[in-house]
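In the two complexes below, chain A is the common chain; its partner is chain B in one and chain C in the other.
What follows is the complex of A and B.
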């Protein structure tokens, strides 16, 4: 028996692998060749410049708020035209220059080997002690993560194209069946844990098979998500339930975007009533500053903000215990968010933030538990959906 | 200087109602010696530790003065022998010209006796109190007399005088006075003087110790060799750093602006001149016939006015007129500063620093007394990095160890803003960091705050000169520190580039097959060129910084490159670090041999 089982497993695995390669390689090959070429041309330019005694440099598009543009027509954040030069003979940039090349070489090796690595894996791949010194090429993963982001933008290639993925975060459950790396996954039968959304959700890895859901409800945290899942909310209301553990990672955002675009599902967000929640909504809707170059593939301009609303304290007659005082940082943050160009012209949002500031406190989604354990799933969200009471 | 003292009558149950007559019975002369015996703290004999230092200090000062006056390179021997817990025997020997027999008793047995009080000439001693006071202190605390052995020439025998001092009469009592040809071996040069004083004292190392005093003396007198035998029988030698004697300072006459009305009247009474014109031109410096005419005219008199006719009112007019008249500052050839070169030599041999700078100000005048300020600094190397800077104060080559905070030089150091020169400095305080500041004042008359000569009085003119000299040294230090910082930055830059270009060459080789070696060499060449460019940057004053920088051509600066990276030594200047100790010990061995030989002779 035991023998049989292992045999079975082995065969299964091999078929799986074959399947992925088949699915992936056709699309990948082209993209990989392109990425490889980009990396090599970067190296070539450095070599030619060095040999002709010119300073080796390369350009990186600036990833800061000053280089962000809000595209009013597309209603997403886009990256501006500014770039910064990274040069070898600049004391502040020298080390980063070296690290960029190390990681570029690492990505090229990954593409050649047709394998992918996590961010942490990349850190180890580039890590060694520089010969003749005690200095390590990277001090921690944070350093290599930042360099990878630089590489992404300067090579104009996505992380996935560089064969790198982030640690996965975020869960999903609902009326949908997906194919992930060749495996069919029925999201209706995910038990209490849910389906972990992978960090790469590109079409070559992830396909949608059967979807009966009417909308997507995205909640901020795992705890709230568990409440909804336990109450079988997605079944009763025929939806997909996702969660991003705070600021949603790229995988989750890409997943939401694709479901929204390809399956035409509206997205509703249930987030805390605090600047942090508002910012999460802003990222889902318009894109983030750091990854503005990917906004087009990630932002969901039609996403709606369902709650918690600052007026809920009065409307639902909540107890005083749920109040969490706004600190100074919250207040400045709220004012910053209110001044974002995509919130600036929206009177309802301005009113929402103003009410929160006037209240002087913030509220978490969990605060509704003070009314009843399942108040949020049975009363709050259904009522909002029914009334169509949400912010845009 | 007889002084009167009113004795309060003995207390009875009722008031005594003394009459002038009864009081007169208690009124009598007191001698200077008696006065100082009771007020010995005025002379620096407050406590046993300080007393011992003062005694040595007075003797060494006298020895150095005598040697220089005799044109002899000083060779001073100091021995502190511990007899019992609190009793010490001090022996100080020099190779000076010696003292004629007849004068020994006066010099060592009488307070306020000496050659230095009545003249305006730069010397260490001033009043003629010091050494006799030391002897008196010894006598009072131990009852032992002072023993002086002196030899004035090769052919002359050395004679030994044993002296006691009669404090009530300020007169020496000679106990014995013998010729001692067998003591000739004491003086290798054939002349010299040795003083031995037994006194109650306390020996302690560290700040304000005999060791510190002798070390600083060696700094300020690089032309002297000082041999020191400690109570623990260790021999420390402070070797001679320069072979030339300082020039002999000239004696000067008082400057008209440097005297007060009382002094003027006294001088008028004592002058040998008969007419005012002669008096002004002969008894003062910087007054010629024209100036004399101007002064006398201003006072409503002429140069032909007979001195006899000048009364109090006239003297006052004369004094006023002198203040109004512009008179050239006193000639300054009476001042002999150590000189930047010798200062640096002195500092260099005793202070383990990497950077030295010195500055000698031109002479200046306070209250008609010419003076001159010299400053030298040592920075970095083995000096302690955490403490505040050390200020070494000197007056006429004598180290001042006590009353630091009330001294003019200390205040000048604290007032200078060292932040401009790249040092940290707490508010209203001396800077901190590995810094030694040496401030030296030379003058025909150093204004001490007290008879024990511990601190220089705070005259604006003096403090200003000190600050100017300090600033000059500070600027040099600032230039050096900036340059050092830049050099560190450049070498850091270069090493960073060199570290990374290897990695880059390998990456490029792997990515596009570029020749690793060729690429590495090309990048290295570029890295060197780029850091060289930065080496040749303009400094803050717009001058091109070449290899040595502006400091390279400066005679007043010494940079000891090998000291730059030496580890910090624990209190290297005063605490005797390990390194120094070992150095001294090796010297000690050599010295011992020579002393033994001498003994056998």
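What follows is the complex of A and C.
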């Protein structure tokens, strides 16, 4: 476990940089070619069917909850084997058929142009009025977002491999140097602001360089992160400090996953003691129910839940002021989460959620301020790390 | 105006760093002492009144819209001279009286501890149950946020000077090096993620070092920012590229203000053609109506609105797909904004809003993707910069 180390003196390495850099220098040709081939083979199969007088169709894996399963061995959520047919001549499917091919073409164009685009951008890219009609290819971004998820699963490629990115959120500091799009970023010298974790953290864009850290501390909110950064927790405890502004976006999850896998760093999560905090943990650990197909490259089954724990109210002798009453929605959510297959068999998690329900209140990380401004950085987290008292 | 320059070769400077750094090394002793004195003189005056058998009261400037005025000469929103008395013995005011002194004490403690805290943190810091009662000092964070604003105006100190910070959002890249809490941050080498602009950008934490940039391009959304960063716009056009994830938070506004004032950089805003985009511009330029007392150190009266313009639909020969119909709320908001004193006398802004209302639709920056993925970075913004066609 994370031992306290003497702070190492870190000197910035002088790196000779190329005077100019080509746009798209971080493009992974090999991976891009593979993704393009997948898109083209989808198109080819449809053309072949059409030319042989068969109905133009293609199969996509079913993204409904009924087709998700928890892989107990891998300890991640996975998609089941069910697929559904999308057919041009089926009135209920023809619109989605058209949209899928439109966006598949859009992704191929992006790959060719060596550029990336936001989900909103993809919506506009595919948007046009069908000639001779007043019908638009997409009514709103919700439609194109769903189709992009279909494409991800059909092509078995992460959204990032299709050159599409989600909103950027989350920051990082700590004892690591990363190379992002050719720039060396020393996360030990990122001031009070930090390094903004990009939307796309794939190996072609992001490489890891020097890293002395023993572990990663992931906190839920940027305000808590600021407290830890101001107290230089990462320096004192030799770690990497990340935050995802609530439910961490894909970029942050992918970053955590890669640092965990490639650098063998344990991940400890400091989240609120409420169903939302438990759900965030569940997504980081097992994957998201909506996007189970990406778990393999996103989930961190070994992640640990460091706190806040429902027993903290008694254990830390907290005042009543930290209590936030559970509402009906919280109670329903807590019961749903307790029934998740990956929490179901875990006695400690069952006890955790039960205690919270019995308490009748939730608690936020910030509530520890009622003890002392820096109680969370100087007492709470160090004590948990020392004890090794985590939920798994 | 921003001329195209040859890209300069930038080499990272090797900086010797201190091996260890004291927590709070970025504390501005002089400023902190001044703020503490203000807090203490508030307390002293109350004690003095009490000891001389007078009712404990203090005056705070009125924060209502009726006490805001637009200073035509300075071109910013300012607070008027009206104040209101807060008295301990007035049943309707005693709670707020107590809360004000509680949070003032909290701020002094923060200054003494050389630490900063989030708004949420301040709420917890001041929260307790009044002995012998079941009454809490604060019912929710909304109460403490309001009191903190009262304190800001009463003490004539920015929230940041009281060591309190708001949520962090927004990122930056470009031809500038800043020093943040002692760390040298080269914004030319921030990869695809960028430098996360801190919540507190006061001179004690943030200093500017080398800057070759000719101007600042501020865009509304992180996804648009990513497009500009990926196309290395800031390198090609020698500028600084910022985004504020919608309405820019205080940190971003203060950063823009300081770079504009201290580095003499013009600020161009690329925002949506809708009332929300116009309002964002209004806040960046003249200050926010709710927090007019901070305009002097936040507002940028010389900021320019680069686009999207309502005439772009015709000028750029855009397709109907870019149109998003104005709803009733948009129309009401647009009329309100047109009536703002700082837009009222401006013929160009009146025409802009009128054209949008006549069009009956709004347009987003992302909609330019319907022309080409990089149309906005390669054609649209360069053309506007060349023409100098901005709204003021």
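Criterion: the second predicted complex is superposed on the first by the 352 of 392 C-alpha atoms of A that agree within 3 Å, B and C clash if a C-alpha of one lies under 4 Å from a C-alpha of the other, contacts with A are read in each partner's own complex, and residues count from 1 in each chain.
The criterion applied here is as follows: a residue touches a chain if its C-beta (ideal position, glycine included) is under 8 Å from a C-beta of that chain, and two chains touch if they have at least 3 such contacts.
These numbers were taken from a predicted model, which means no experiment stands behind them.
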First (chain B), second (chain C), both or neither touched by A:78: neither
Which of chain B and chain C A:149 touches, first, second, both or neither: neither
Touched partner set for A:379, first chain B, second chain C, both or neither: neither
Which of chain B and chain C A:321 touches, first, second, both or neither: second
Touched partner set for A:94, first chain B, second chain C, both or neither: first
Residue contacts on chain A - larger count, chain B or chain C: C
Interface residues, chain B side, partner chain A - complex: 492-493, 496-497, 499-504, 507-508, 510-512, 514, 518-519, 522-523, 525-527, 529-530
Residues of chain A defined as touching chain B within the complex: 39-40, 43-44, 46-47, 50-51, 53, 55-56, 88-89, 91, 94-95, 97-98, 101-102, 104-105, 108, 130-133, 135, 137
List of chain C residues in touch with chain A within their complex: 7, 9-12, 14-17, 19-21, 23, 26, 109-110, 113, 115-121, 123-125, 127-129, 136, 165, 167-168, 171, 178-185, 189-200, 205-206, 222-224, 226-227, 230-232, 319-322, 364, 366-367, 369-370, 373-374
